[in-house]
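So that you can tell them apart, the chains are marked A, B and C in the order they are listed, and the count of residues begins at 1 in each.
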C-alpha cells in the first residue's frame, strides 16, 4: 500500500507536469509570474507587485494584445505563489519555464527572490527585467547574468541622495547639523545606514543618535524616545513597512517632530496616507515618482479602477514599466523568440517609453534615470530628488504632526 | 520611569499574546502552532468592524470573544479530540498536535489571504498621546495594558477560586488523576482550549490598535507566546503575566540603554537563565 | 554482516546510484525538484538520527543551516569551495555541542522552545555584528551549477545514511535507544546520558550547517531573514515525522511524497496554495498515524509476518 500510494502520487505529479504547456501554435503569449502571496513579503507584494502586473496584462489585452509581426497576440498570465521562500522562487521559475513552457517571465518581487531565481532565468535564456531588486552590485550581476536588467535603481545612490537632500537643506540654512540615524537590522538597513552615514559625516553632519532594531520589531517607543532625547534636526530611518508605520505612530504619540522626518520602505504606500491622513504632510520617504506627470496619473487612475487600490508612489510604476519595456521589445522585434528579444534588450542603443519616462540600460544593464527621494506634499508623494529625471520639486521643512 | 512604563505596556501586550496559548497548552495539552493565526484573525475582525462599521475595537470584543470561543470549541471538538483519543502518551499527543496545528496554521493563513488579501492592515484608534510622569505614551497601548490586567486577573481569580477553575487546574497537573477524582477531562480540556482561543482573539483585537498586521504575520506571535509561557511555567497564569512583564521591561531597557538591535538576544538570554535555574518556570515546582 | 545486511546494502547502493544519476536522465525541472528533495532528505534524516531515538524535538535546523550559508557567504572568496562545507560542519558541530551541553539536561518541551529561539537569537547576533561592522549584503556569485550542488547533497546524504547505519550498530546507538525508552534506566545502567545525547546532537548540527554551506550558491543573495527562516525547521520536523523516525529510511519516505504533493498543489491551485497545503496536511495527520513507517509496519504485520 505504501508503494502504491507513492506510485500514484508520482504518477499524478508526472501527469500534472505533462498536462500543461501544449499550446505551441498560438495567438497568445504565455507569461509566467511567481511572487509572494503569502509569507513575510506578501504585504509588500500585494501593494506593489501583483496589481501592477495584472493591470498591465489587463490593459494590453483590452487594447487587443501586442503587435508581434503581422499578428496580434494577447497575454495569458500564469501565476504562482513563491511564499517568500527562495527555495520556492527557484522551483516556481523552473516550473514556469519547463512545465508551463511560458514564453516570458515576470521578474519576482524583492532583491532576495530576484537573485535566487536569476540563475534559472539565465540558464533558460529568459529576459529578466526587475522593478523591485535594488542592489549596488549591478556590474558583477550583469556579468554573471547578462539577461538581468534593473529598473528601480541603486541602493547606494538612494542612500547618497537622501543624505544630499539634507546637505542641501543645511546649506540653505534651513536645518542644523544634528542627525538621528536608525535602521532595521538586515542587509538593506545596514547598507543604507552605512552609506548615508558616510555622506553625512563627510559633509560635516553630527550623528547624535544611531541605532538599529531587529527585523519585525513594532515596539519602537524606545527608539523614538532615544532619538528625541538627542534633539536632532533630522531623523532618518531605513525601515521596512511594519516598522515604518510603528515609527511614525510613536513619533506622533511622543510628538517627536524634527525638521526632517524620513522613513524608507512603505512611506510611499497609499496605506501610509490612509493611516495617518494629513498628519504626514512633509514626511520624506524612499523612492518617488513624478506625481504631476500625466502618464503616471493615468496609471494611478487605471490602477485604482482595476485593483480597487491606489499604486504606491515608487515601485508600482517601476514594476509596470518592466512589462512595458518587455512588451516594446517584443513588438519591436516582431518575435516571441526569447533569444531575439533578449538581443534587442541587450542592445544599449534602444530606448523605451514607460510611465516612468524614457528608460534605457547602460553597460551594466542598469537604468540610470530614476527617483531617489520623495516627500508627502499636499496629500501626494512627490519626488524631491532624482537621477536623470525632470520634475523634482523642492524639499520642504517638516513642520510637525498637526 | 519611561523605561518602566514602556516596558510595562509592552509586557501587557505580551501577556495578551501568551495567556490564551498557556491555557491551551497547559490544560488541554495542545501545543497550538496556529495560535498566532487566531490572534491575527481577531485583529482582522477588529479592523473590519472598525473600518466598515465604525465599531470601537474595545466594544467589538463583545462580539469577537464569543465567536472565537465557539470557533475554538468546534476546532477542539472536531479536529483535535480525535488526536487526543488516539494518543497513547503525552509525547505522542505532542507530536500529533504539532503536526495538526501546523497544518491548521497554513490553512488559516490561506483562508485569511483569500478573504482579506495579503496586504497590510492597520487603523488609527486612540493613537493620541497620554501624558504621564513627563513622557507621553500611546493611549491605545495603555488601554490594551489595562485590559490585559483585567483579563489576566479575572482568569487567575477564576482558576484559583471557582469550582470549574479547580477542575482545569487539576487537569493541568495530571489528567489521569483528575479523571479519577471525578473531573470530566474531555470537557475541561475543550473548555480550556476554547477559552484560550477567545483570549488570544481578544489579544489580537487589542494589539491591532497599534500593530500593523498582515495575513502571514501570525508565526511571529506564536514564537513569542511560546517563549513567554515556558518562562512563566506551563499552565500557570500568574507566571505568564510576570514573565511577560519581565520580558517587556528587559527588552525596553536593553533597547533604550544598550542597543535596540539586541532586544531579542536579551530576551533569549533571559529565557535561558530561567530555564537553567528554574527549569519548571518562574513559579513552577520541579516535577518528578 | 548478515544476509539481510548485505541485501539492504545492495538496495541502498542501487538507490543511491539512481539518485546520483538524476542529472543524467532527468530534465532540468526534475533536477530542481531533486535538489530541493535532496536538501530535505539530508536535513530530515540527520534530524531523525537524533530526535528519533531520544524523542527530543529540535527546531534548531534553521540556526545551523543559516550559519552554514554565512560560512560560505564570508568564505567563498578567500577559500576554495570544497573547504567550506566541512568547515561549516565543524562550526555547526561545535555550536551544537555547546547548545547541547546547556539545554539537553532540560526535559522535552523546554528543549523544543529553546531550539526554536536559537535560530532567532543567532540571527539577531549575526545581524547585530553585521550592523556594528557596517557589513553589506552578501552576494555569493560562483560558477557552481545546480548539478554540482545536487551531487554534493547526494554525497552528503550518503554520508548521513552511513553515519546513521554505523550509529545504529554502535554502543552509542544502543545507549540512545535505552535513553529514549527510559532515561532513568539508562542512568542506572551506567550510561552517561548527557554525553551520549550531546554527541548525537552534534550530527544534525554539523549536517545542517554543511547543507547550508552547499546551498548558499543556489540562493546567491544571503540575508539573515531568509537564511535563518524558522519555517525550515518546521518543514524538516514535519517531513521527518510524516515519514516516521523509527527507521533510517523513514524521513526519505516522508520527504519525497510530501515534496511531490507540495509541488502538485502549488501547480494546481496557485492562489490557494497555502490553504490546500494545510488541509492536505491535516488529512495526512489524521489518516497516517506513525507516518509512512507506521503504515509500512502495519502492512507487514498483516501480510508479511517476517521482520
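Criterion: a residue touches a chain if its C-beta (ideal position, glycine included) is under 8 Å from a C-beta of that chain, and two chains touch if they have at least 3 such contacts.
Every value quoted in this text rests on a predicted model; they were computed, and no experiment measured them.
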Both-way neighbours, i.e. chains that touch chain C and touch chain B: A
Chain pair with the greatest number of C-beta contact pairs: A-C
Far-end chain from chain C, centres as C-alpha averages: A
Rounded Å distance, chain B centre to chain C centre (Cα mean): 30
Cα-centroid distance, chain A relative to chain C, in whole angstrom: 35
Sites on chain C at which at least two other chains make contact: 124, 127-128, 131, 231, 271, 273-274
Residues of chain B touching at least two other chains: 109-110, 113, 259, 261, 264
Residues within chain A bordering two or more other chains: 37-38, 40, 185, 212, 214
Residues of chain C that touch chain B when the two form their complex: 55, 57, 102-103, 106-110, 112-114, 116-118, 120-121, 124-125, 127-128, 131, 230-231, 234, 237-238, 241-242, 271-282, 284-286, 289
Residues of chain C touching chain A in the complex: 27-29, 32-33, 36, 39, 124, 127-128, 130-131, 134-139, 141, 146, 218-221, 223-226, 229, 231, 253, 256-257, 260-261, 263-264, 266-268, 270-271, 273-274, 292, 295-296, 299
Residues on chain B engaged by chain A in the complex (per definition of touch): 2-3, 6, 9-10, 13, 109-110, 113, 117-120, 122-124, 127-129, 135-138, 210-212, 214-217, 220, 251-252, 255-256, 259-261, 263-264
For the chain A and chain B complex, residues of the former touching the latter: 36-40, 42-43, 45-47, 84, 182, 185, 211-214, 216-223, 225-226, 241-242, 245-246, 249-250, 252-255, 266, 269, 271, 275-277, 309
For the chain B and chain C complex, residues of the former touching the latter: 31, 33, 79, 82-83, 86, 91, 94-96, 98-100, 102-111, 113-114, 219, 223, 226-227, 230, 234, 259, 261-262, 264-265, 268, 271-272, 275-276, 279
